[in-house]
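Submitted below is the structure of interest, expressed as structure tokens.
Read from first to last, the chains carry the letters A, B and C; within each, the first residue is number 1.
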Amino acid sequence: MSIDSVTAALAPVEIDIRGLSKWFGAHQVLKEMSTEVRLGEAVVVIGPSGSGKTTFLRCINLLEQFEQGEIRIGGEAMGYLVDPQTGRRTRRTERDIARMRAQVGMVFQSFNLFPHMTALKNVALGPVRVNGMRRDEAEALAASLLARVGLADKVDAVPGQLSGGQQQRVAIARALAMRPKAILLDEVTSALDPELVGEVLDVMRQLVQDGMTMVIVTHEMAFARAFAHKVLFMADGELIEHGPPAQLFGDPKTARLQAFLKRFKEGYQL
Amino acid sequence: MPFDIALITRIVPALAEGLTLTLTLSALAIVLAAAWAIPVVLGLMSRFRPLSILTRGYIEAVRNTPVLVQMYFIFFGSAMAGFRLSGFTAGLIALVLQNGAYIAEIYRAGIQSVSRRQMEAGLAIGLTPGAAFRIVVLPQALRKVIPPLGNQGIVIIKDTALVATLSVAELTFQARMLADRTAAVYEIFFALALFYIAITSIFSALMRLVEWRMRVVQ
Amino acid sequence: MFDILIASFPLLMRGVWITLLLTGSGAIVATIFGVVIACAQLFGGIVLRIAAEAYLYIVRGVPLLVLLFAMYYALPYAGVDLDPMSGGALVIGLYFAAFMAEVFRGAILAVPNGQWEAGRTIGLRTPRIVTDIILPQALRVAGPPYINTVIMLVKGTSLVSIIGLADVTFVGRQIVERTLAPFEVFGGVAVIYFVICFALSRCGAYLERRTSYVH
């Protein structure tokens, strides 16, 4: 790891989450989650299926609404403003929400690349349409980002011509093109054939080492153990344990985490 | 725009004289077309190439020509050929030929949408191909064709209006007769539209009942 | 047998011209209104949505012939001086707009939800997402069913012959009443429609082949 843990503790808080709660009807899927993501930190969220990890991630850029709690990105309140005196919640304007979404990149499990555009145009679309960049500048930026993720020779390919791993790397470049404050990655390797997972994890490792602020939901425990600065363990919508990976993986405190890790360690033992 | 509601209560019974013919023609056309579509789809999916090509030709011919022209062809053609058919019969035959082709396609899509794996599962437990088709595929296909059949039924009901041009005294014909004689044209066609909306709505409701009974909506 | 057809050829062609004119103008009206209704259904508030649903319900339940008659008989009383041609095109267009709306709405809904989310994620607002991301994909999906609706429209134009517009069906009926050769003449008329519709369906098949490449 290249970030000094002392420096990490002094870095400003980029994403601040307080008391986040969400209900689907009568069922509470997120229970008062609170955590911080500092500048340059890579936070990995692990947990069993149905624990709410993806829902939690999607609240950060408001692809999911939440009923209680606050999310601040770079100090600014995301999605809802709470009047300090009356406690009344109002949803922010679509304009503000869109502006803040542009500051937080997201990479999806199912890539969601735009099938009718080349890789280059996929990546350049955001800078042109949202950041008002000139088309030639944006395309130059897109080309350099695609080179950074190892796809310099695929700039003119359409998604249909790319493998899953390549598509996901284009998706990462697309998120980077917006120069976001942080990137959210939602199980980005889960839909890939095993032999393609490595190329995507390589790009992610590079991002961590370049100091990108990231929140990663994943099942790739080895990656989390090696490269995360902080790990969050969720189950049933709650934050059960959190801390540096050495502590969570090496010395799990709660029974639930111990049981979860045991299942991973056991895996396929013939 | 003058609009007399009281007038409508007098128009409705006058129009209703055509109701029986509309309903009879609709019912007959629906039933006969659904029945005629069975040999058609068998011909379509037959392995005997000349038959399937012939059937495909019939379907394409009927789908790419207006049903009105088909009606004229049969009506005037039969008169010329010596066995003059009534407007009702000519219209019925045209409706059955036209919609039978569409319904055959609906059957085909329904059968093919039941996964090949279902057929294989049937064969794997030892059923003959015929039995596998009857016991495993057909019931599932039946459920799938009910909704599109309902839509086709509505198409048929609306197309019965065309036989008015062959002097069949159904709803639209009655309306036209009335409109030629009186000046209450808004009320007449408003009432006529209501009649058709009522018929198609009741038919749709009936189809939804059938779907529910057959548990199509899961 | 064919001499009657050959003799009537110029008359028939004039009828074909009217048919094509009606098809073209009807299709334009239907497309425009279809887009409007689909937008009302997808993006409109509750009032617009109810209005759109009501419109669709009525058009689905009433035969086109009844609407044509209504226009033919009722418009003169309303003092509207519309020539039969424009009136016919308008009624046909408004009728098939309902089918077009279904095609467009279905095409937009066919674009996967993930595309909307990806657009939001890079900070695009709804209008941009629709124009840059959703529409190009939706138009590809809409091609073949759009063509199918136009084919239905072509066949629907034959109904104007009943209210006296000189389309190819009307001309055919005139010729038959004169020459008493229903098989040849209506057969010829059928062939003319067949050629038009079949050509359109080939376009649709071509479009269908082209769209499968991207997805």
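Criterion: a residue touches a chain if its C-beta (ideal position, glycine included) is under 8 Å from a C-beta of that chain, and two chains touch if they have at least 3 such contacts.
Computed from a predicted model, the values in this text were never measured in an experiment.
Taken pairwise by the contact criterion, the protein chains link up end to end in a single open path, with no chain closing the loop. For chain pairs A-C and B-C, the one joined by more C-beta pairs in contact is B-C.
When chain centres are set by their Cα atoms, the one at the greatest distance from chain C is A.
A separation of 55 Å divides the Cα centre of chain A from that of chain B. Between the CA-based centres of chain A and chain C the separation comes to 47 Å, rounded to the whole angstrom. Mean C-alpha position of chain B lies 21 Å from that of chain C. Of all residues in chain B, those touching chain C in their complex are 1, 60-61, 63-70, 72-73, 76-77, 79-80, 154, 158-162, 164-165, 172, 175-176, 179, 183, 185-186, 188-189, 192-193, 196-197, 200-201.
For chain C in complex with chain B, the residues that touch the partner chain are 57-58, 60-67, 69-70, 73-74, 77-78, 151, 154-156, 158-159, 161-162, 169, 172-173, 176, 180-183, 186-187, 189-190, 193-194, 197-198, 201. By the touch rule above, chain C contacts chain A in their complex via residues 112, 114-115, 117-118, 120-126, 128, 132-133, 136-137, 140, 213-215. Listing the residues of chain A that touch chain C in their complex gives 61, 63, 94-95, 98-99, 101-103, 105-106, 108, 110, 112-116, 125-126, 129-130, 158, 160, 174-175, 177-178.
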